[in-house]
Amino acid sequence: MNAFAGRMEGRQGVTGSYLEIRDLVKSYDGYQQAVRGISLAIAKGEFVSFLGPSGSGKTTTLMMVAGFEQPTAGRIVLGGREIAPVPPHKRNIGMVFQNYALFPHMTAAENVGFPLRMRKRPAAEITRRSREALAMVGLADFAGRQPRELSGGQQQRVALARALVFEPDVLLLDEPLGALDKNLREHMQVEIKRIHRELGITTIYVTHDQTEAMTMSDRIAVFSQGVVEQFAAPLDVYLRPATRFVGGFVGDSNFFEASGRTGMLEVAGLGTLSLPQAPVSASGRYDVLVRPEAIGLWRGSGDRAGHCVVPFTVTALVNYGDSVLLIGSSGDLSLRARIPFMLATDIREGTALSLSWRHADMHCIPA
Amino acid sequence: MRIVIALALLSALFILGPLLIVVPMSFSTAKSFAFPPPDYWLGYYRAFFADIRWTQPVINSVLIALATMLLTMALVIPASFAMVRQRFLGRSAMNLLLMMPMIVPHIVMALGYYSYFGHLKIIHSPLGVVLAHTCLSVPVCYLIIAAALKGFDRNLERAAMNLGASPLRTFWEVTFPVLRPGFLVGGLFAFIHSFDEAVVAIFISGQAASTLPRKMFDSIRIEADPIVSVVSTLLFAAVLLAVLSPLLWRAISNTRRQVQSGTATA
Amino acid sequence: MTQGTGIMMQQRAGRRTTWLLLLPVLVFLAVFFLVPLGQVLYFSVMDPTFTLHHYLAFFTDDFYWRVLFGTFRTTAIVTAFSLLLSYPLSYAIVRLGGGFATAMLLIVAMSFWTSFLVRTFAWMVILGNNGPLRAILATMGWTPPPELLFTRFSSTLAMVHLLVPFMVLALYSVMKKIDYTLVRAAISLGATPFEAFRRVFLPLSAPGIVNGCTLVFIMCLGFYVTPVLLGSPREQMIAGLIGTQIEEFLEFGEASATAVILLCVTMTVFAIYNRFVGLDKLWG
């Protein structure tokens, strides 16, 4: 851990909500709302992802936290202080932009030194701290380069160093890895996580890539059409999606329509099943989710305790190398099942077989 | 394709040939525009630099073009910010107004200025020419600066503010330095537009504020003065230098890089 | 504060800044562009009270009709020849690229940036009585060689030369964006190279042709310097006529009426262009 990380360390340790967004609304024209009443409480030192398709309001929310957009209504509270009226340059929030937004007329070191210069730090301190920050992202030898002389990944690191050097209260990352190729992206994910661990800085990470959000975050806020559909730990979002949208957006999915009230559900195409239903749907209608990877081949015959067993005809196969996605139908239901490659070597289009999955892998979402 | 290339080369010859003819003409001893020249000397160059009737218009043109450039930039830069960054009622009308001076034939404006500036008592004065040229330069300058502004990434400004720069500081530390090349090109176009403008200058600059194009026009029309060929050669040389200098610059920096990498490997 | 008023206040503050930024240029153009232009309109119908006789004089006199018609004819010829010379050149630049393109673009740029007066003067030398072109014609057996200078031919030729760079740049800027794989696709689908050019490349380059022709047409229509210096005094173009009306006859009323007619013709061309293409695109 270098000197820079050491200084940041003393700042963490407070629990409870640190950055709180309450009933946030943004409307550009007074009629349509880009953000429709979002509330989130983020703990100090937490790594939170805003996940959602484009136009879901995640970037707009981020821009309001950074201060580039004024909320139409609602509050943003940082460390107990209302920041909505504070102009962006006085918020002390670091941000990494989608296209990095490095100043093209300054060197890497000058870019990193910029926030310190704006804070009127002495020249010697600016030099020392920008060098430390560049060292932290592994670019100590590139201080004198112009941004255009750096690769995409290096520019990304400079942007990160610049957003961290002034020890901001919160770090915002707006789809920072979107422009990088796959390998570099994975490398930078690890890098960002390492820095987050070292500095313990409260971080909001905006992305439309579910894998990125899954691997990096403490909690994920799933955005859709201006509202947060679910705000929970990655595994919860994956295994227990709160809405059908979340279930469909995060991971691959099979949905069945179901209805019933008393712990017994009538599931379309599958009969009556006893499934845990929490929360309970007021209308009595549910969407039942089964992940394709929870479905397996069943070579036996007859029923299987605690399992659903269905006949299945394959209409298409997608080979992923390690696994195979079977697409096909069981009666009126269309189903997707993902099975290990080694078990699927004899399966062709048109093959008829049996699939089964545990009742416990079925998740009920109130419709 | 061979026919196309042949046609292309013919066009290029047609474009280039006439430009080159002024060079030998300027060293000619002939008293009128005769080609090929009977003999060569530098006499007309000497005459040009010694003759205040020629040097004064050159000075006038440079000063007028400089003033036009500064005034045009002062008017156009703020307007471009509003036009590019804001959506407001009357924007398209404003856009039309900014482009209008380019659309109206210069002879029409020359006629307008002739009587209007006569009325304001600024005809035959450098001020009148500067004001007229500024009007005519606004559209070119606006097109260039607006294009530069459209290409400007506003995230740079957001980043600066996010890092603690006030809006004013953001402008001076980031927006202005990044856009400066675009502003300079816009200014350069305004300068050249004024320096080359003939029609309005012919009608309103008079003897006192005579610009170089006006002096050349009069000399060709009235006296067939061979010094015109000297001026033409100098102007052509200036253009040649300006057009070729980026190419030369690239060649020089390439060789330097080769030399450097050569020493590095050795 | 309700949502609506908050947005309105922000918008109002933004509008004030906007107009503050626009004010200088707005005032300047109003005082030094719109007023003199308005004066031309005013003088064209006042003598000293309201009258249309300047226009009547223009439209009832054969001489003026001939000037107007001659201007159109010259402009059309100049535009057509500019296009004919520029299209193969631009096409070769885009297709061949490399050193050839650089050299050709340099030549075009050199001509583009050289003052109209310098280039007009060059033609004066070439076409002059003691110039090279007449000498060549004489050695080819055309004796005595024809008078070239101060004819419709000389001014038309020079204007083509002056305006070709504009046409080339207009064509080039459109052609270089054309994806040439489209032409290859057409050939792979069975078109001959010429058919592929005619049915794919040519239509895709049409915006460049329209832009270039509009630009050249408009510039030629109001051309003053070259026709006055090189053209026949008996066959003036409309801009030259305005000059004569001011300088020699001090006929401001008639000059203004002629100017308004030239302005109307120019505006009509622009309006047609704007209707079908959009004025913003003209200067690329």
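All chains are identified by letter, namely A, B and C, in their written order; residue positions are counted from 1 within each chain.
Note that in this section a contact is a pair of C-beta atoms (placed from the backbone, for glycine too) under 8 Å apart; a residue touches a chain by one contact, two chains touch by 3 or more.
Everything numeric in this text was worked out from a predicted model, so none of it was measured.
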Chain pair with the greatest number of C-beta contact pairs: B-C
Relative to chain B, chain with the most remote C-alpha centre: A
Separation of mean Cα positions, chain C and chain A [Å, integer]: 57
Averaged-CA centre spacing for the pair chain C and chain B, given as whole angstrom: 18
Where chain A and chain B are represented by their mean Cα positions, the distance between them in whole Å: 54
Chain B partner contacts - residues on chain C that touch it in the complex: 14-15, 17-19, 21-22, 24-26, 28-29, 32-37, 39-40, 43, 85-86, 88-89, 91-93, 95-96, 102, 104, 106-111, 113-126, 128, 130-132, 161, 164-165, 218, 221-222, 224-225, 228-229, 239, 242-243, 246, 252, 255-256, 259-260, 262-263, 266-267, 270, 279-280, 283
In the complex with chain B, residue positions of chain A that touch it: 66-68, 87-95, 97-99, 101-105, 114-115, 118-119, 162-163, 166
In the complex with chain A, residue positions of chain B that touch it: 153, 155-156, 158-167, 169-170, 173-174, 177-178
List of chain B residues in touch with chain C within their complex: 1, 4-5, 7-8, 11-12, 14-16, 18-19, 21-22, 25, 30, 32-36, 74-76, 78-79, 81-83, 86, 88, 94-117, 131-132, 134-135, 138, 143, 192, 196, 198-199, 202-203, 213, 216-217, 220-221, 228-229, 231-232, 235-236, 239-240, 242-244, 247
